[in-house]
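You will see two complexes here that share chain A, one where it goes with chain B and one where it goes with chain C.
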Partner chain A sequence: MKSSRIRKARHSAGQIFWHLVLILVVCIFLYPFIYMLCSSFKKLKDIFTAGIRLLPKEFVTSNYSTVLSRLNVPLLLGNSMFVATLTMLVKMVTSVLAAYALVFVPNRFSGKIFYFFVITMFVPFSVIMLPNYLTLSKLGLLNTLIGVVLPQLADATAIFRIRQAMRGVPKSLIEAARIDKVPHMTCLLKIVMPLTKPSIVSMAIFLFVNSWNEYFWPLLILRSNELQTITLAMKYYTGSEGANGWGNVMALATMSIALPLFLYLIAQRSIISTFMSSGIKE
Partner chain B sequence: MAENDIVFEHVYKSYDGKVNVIDDLNLTIPSGQRMILLGPSGCGKSTILRMIAGLESITGGDLYMGGQRMNDVEPGDRNVAMVFQNYALYPHMTVKRNIQFGMEIAKVPKEERDKQTDWALEILNLTDYKDRLPRQLSGGQRQRVALCRALVKKAPYFLLDEPLSNLDAQLRTAARAELVKIHEVYRPTFIYVTHDQIEAMTVGERIVILDKSIIQQLGSPDEIYNRPANVFVAQFIGSPSMNICEATVEDGRLCIGGESTPIPEKWRVLIGDRKKVKFGIRPEHVEFTRGEGDFPIQVTYMENHGNQLVLAFNIEGNPMMGTLDPFYKVEADLYLDIKWDKIHFFDADTDKNVGYPEGVASFTHFDPSSFVTLQK
Partner chain C sequence: MSEKEQIRQQKMEDRAAAREEKKIVRRANKKRRDAMVFTLLLAPATVAFLVFIVWPVIYNIYLSFLEWNMVSPDKEYVGFSNYTRIFSDAPFLQSMKNTFWYVVILMVTCFVFPYFVSFAMVHLVDRGQQVYRSILFFPSLISLAVCAVVMSFVFNFMTGPVNSLLKMMGIRGPNWLNTKGYVILVMGLVVTWKVFGYNLIVFLAAILEVPAELIEAAKLEKASKHKIFWRIIMPLTSSTAFYVFVVTFAHALSYAFTPISVITGGGPNYQSTNMVFQIYDYAFVNFQSGRAAAAAIFMLILVMMVVVLYQALEKKVHYEV
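Now for the complex of A and B:
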């Protein structure tokens, strides 16, 4: 009785310690976001006040109205949306198909093909930046949104991750389907994808957010104002207006992360609610 | 060749091109029969089943099903139904969907699908569970759903890969009867893989015993039990397994250690001029006499199983087991009393059965053609 109480106390002491650590880590990660959000409602003078003061002295929305009046925010969001959605969709389709083929339609080259894919993940962006630029220029795709999307599509991350998830699907399920003459496409859509839904959804969100946040590549190839993405628009404030635009930058940044953040929250729910429990008894 | 025969002709299977998992398999599974593939793990029995299903390629030789060569036919085109060891139920589909999925693919009209599903659910007492997900079912119920799914296909070949191995002992007994019942519904060619000898004896019409990729014996449960082709089969079938001890034959006497007993004439003929044999006796055929008998024994251990008394004893240092009536009173000075129509002799070198004398009781349906089918 006594010992169990001690154990309980020790247990909860450990829990409190780890929760404190977790809270600290969360604060470190959240601080920039909270700082961004608060600063977007501050006057410029307020932002540069010394000391750590998060909440604005005077709550203003002028940063937002300035940004909205000077920039065509709906167009910027639309461009980003187009690039991120297209990138995500094409990548998901190719990656899901590739992963399925690697796992469930194996041949003697499958292993090698997979490692070939994986190797591409280790090639740094700076190495392929120039060849990609030249290729796009030959294709006449510089200064187009398709030009932003195209090089992003060749990426094995999603193949790798979805393949891992699919490997968790018991082989016997696919064999049962093969015996019932289920075509591969039906097998993928009706059996494999429902069973790997959490991984597929989270991967889709990850790809979308990644593409949304892409800065350097669009900066390199987009010239026209009407083709700018929302992340690119940030450069107008940091570059041309220098220190004057910090409140505006914060407002723009807040607007730019709103959508990915919203998607992420949806995805989180879908990932956590693991509806799946196997009918397989291994 | 009958309608739904399965014939293996010189079939080989190798994964790495070096070791043969299946070595020159010649086997005919007659149409409509319940054939059991029995053997210890790694003997190749599941590989044979998977070759029939088309899930495993054939390295050499020919496989015929219903007279057609099947080596390169896709699993979906072989018209087989299969029950997997882990049931392979789709976890995200209800019982009903699981059963109907194959029919949906085959474009069976909805009315017919529902009819078939209800029929199968009825047979296996699952009607109340049709809207549940597999995870909401017990192991026995999942196993029955898997049977339902295979049953509605009404395929001429019904393959089962250790379907009962995940069930507890009690459920297994009930499920064995269910399997026979299902086979009787439309008598498909039934191929059943197991490592459980009780399942093999109770479900099988014929049993193939495999060891180390080679068929050791093919026969009815009776033949396998009463006329084991070799020491492996003799010891594999039966629980506790058959007592085998090495013995010598001198001047018509069976000698174990320093003790000996005369061998009846009918056995002497079969033993021939062998000097060394392996003597086999099943635990249930062990009988004792007091004071005098064939071989003196020393009791080492006893277990009361309620329905029987299991006795471990020695004959001249050779450990043996006997199962006796639970009320048998074990005393000192016991002798093994050999009933000469209930023993077995095997060649000491080849382990093959030497055969049985004419007129030995309870072996009336002995069929020599199914006797030793060792292929090497």
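Now for the complex of A and C:
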């Protein structure tokens, strides 16, 4: 009786200890984000003298109004929106079609083709950046938003994840429909997509956010200021403001992650579960 | 058997044969149609991959044997001299050294660390797993450019909170971004902020798949926590661990590019540059496409060696388990 109580007490002491450790880890990972958010509402002097204090002494929104007056933020957001939406849509269509073919259309090359897609995930982008730049320049797509979209289309993440989700759909369902002469397109739209909707939606959000965050292709392709995406503008704006612009830079950073953050908040459960279906074990 | 009957028999056989033949034709048709559908469905994705990954790899190999400034119409064949030259180029050698350290740092922060944290989340605490994982996954959605800028402020040596904290503890914090060694650490932490969450989720999924009875049985036998981790969790999640290892390796080679480009430009004195940034520098700052291509192929070989090694090891692990 007594010993079990002691064991329980020791047990919960261990629990509390590990909770504290995990909370510390969470704090460390959230800290930069909270620092950014808080600093964006501080006066410059307040940022410099704050030390480790996070909350602003005096809550100001002047950083935001300064950024909005110096940069055409709606235009930057619009450019990012265009690039991210187009990239996401095209990638989703090609990936859903490809995943369906790999899972439901019997073919002896399925395995090899899937393997090919997976291997491309490991090709470092330093290998493809120079030839792709030359290709885009030949196509006359330098300094265009389409030029930023195109090289992002070759990415197997979505094929990989959507294939994983589709493997959860019973094959017999599709086989039965095929015997009744239901065309593949109808099978895809009416059976497979409704059944894998959570994964497809979360993959769409994930691809959108990834493309929104893309830094390299905008850096390489875009020259004119009015074509910059918000992520690229972070670099140039930080460089041009120097130490006097800390508050402004933090305000711009906050604005640039507002949309991804919002999307994550509404879909976080299904995004995480899509990534948890690891797909490494067959 | 009458002649009539024979004829009927013959007719029936003929009909059966015809039916059979029709079936074969239909099956062949179906197969052909399936092959066509398969091709059509895969074509859009495959075109993108051929144009923007396969062709670039091939073209890169070709470029690595040429001397070319990316503009002039004539390219000169120079054999392996681009390869020998990059290995005598001090900045590139430095970038290789730095890349090695990036790999070491990220293996600790994005492979070992999330392995333990996910174990703690599943087996060391009873509740809160979902809250922890939602929060810890969240930073992976922030762009590396934003991560980099924010971290450069957090680690600012005059007014950043890290040095303020150290000062309160009576330690004079270093000038992080301008000091050899520390600068790589900060850049590595930027990438960690981004990559940690994904890896945590993958490990979490694998650890949750380990049968609960095994853990319960071990607990009844009063096995210690680290014994449970080393003897049960590790062997049963090894294939996931290999996978995360390879992915982390690939990220470690490349991801530091963004923070380098946004904050340090490779400095001070090439102390934070990595191979990708040097390749970018060869190609788009110095217009030496040959050296850039040679260095890129070198990186490709490095990654592919690790991938092949992974596959060999993975097969072995599968047989053993």
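General remarks:
Convention: the second predicted complex is superposed on the first by the 245 of 282 C-alpha atoms of A that agree within 3 Å, B and C clash if a C-alpha of one lies under 4 Å from a C-alpha of the other, contacts with A are read in each partner's own complex, and residues count from 1 in each chain.
One rule holds for everything that comes next: a contact is a pair of C-beta atoms (placed from the backbone, for glycine too) under 8 Å apart; a residue touches a chain by one contact, two chains touch by 3 or more.
As the structure is a prediction and not an experimental result, all values here were calculated from the model.
In the superposed pair of complexes, A:18 makes contact with chain C only, with no contact to chain B.
In the superposed model, A:192 makes contact with neither chain B nor chain C. Of the two partner chains placed by superposition, only chain C is touched by A:48; chain B is not. In the superposed pair of complexes, A:179 makes contact with chain B only, with no contact to chain C. With both complexes placed on chain A, chain A has more residues touched by C than by the other of chain B and chain C. Applying the stated contact rule after C-alpha superposition, one finds that A:209 touches chain C and leaves chain B untouched.
In the superposition on chain A, A:29 makes contact with chain C only, while chain B stays out of contact range. With both structures placed on the common chain, the touch criterion links A:227 to neither chain B nor chain C. Once chain A of one complex is fitted onto chain A of the other, the partner contacts of A:77 are absent, as it touches neither chain B nor chain C. Residues 275-278, 280-281 of chain A lie in contact with chain B in one complex and with chain C in the other.
Touching chain C in their complex are the following residues of chain A: 14-15, 18-19, 21-22, 25-26, 29-33, 35-36, 39, 47-52, 93-95, 97-98, 100-102, 105-107, 109, 113, 116-117, 119-135, 150-151, 153-154, 156, 159, 184, 209, 212-216, 219-220, 231-232, 234-235, 238, 246, 249-250, 253, 256-257, 260-261, 264, 268-269, 271-272, 275-278, 280-281.
Those residues of chain C that touch chain A in the complex are listed here as 34-35, 37-38, 41-42, 44-46, 48-49, 51-57, 59-60, 63, 70, 117, 120-121, 124-126, 128, 132-139, 141-147, 149-151, 153-154, 158-159, 161, 164-165, 167-168, 193, 196-198, 201-202, 204-206, 208-209, 239-240, 243, 246, 250, 253-254, 257-258, 261-262, 275-276, 279-280, 283-284, 289, 292-293, 295-297, 299-300, 303-304, 307. Remark: chain A residues 170, 172-173, 175-176, 178-183, 186, 190-191, 194-195, 275-282 touch chain B in the complex.
Within the complex, the chain B residues that touch chain A are 53-55, 74-78, 80-82, 84-92, 98, 101-102, 105-106, 133-135, 139, 142, 149, 153, 166.
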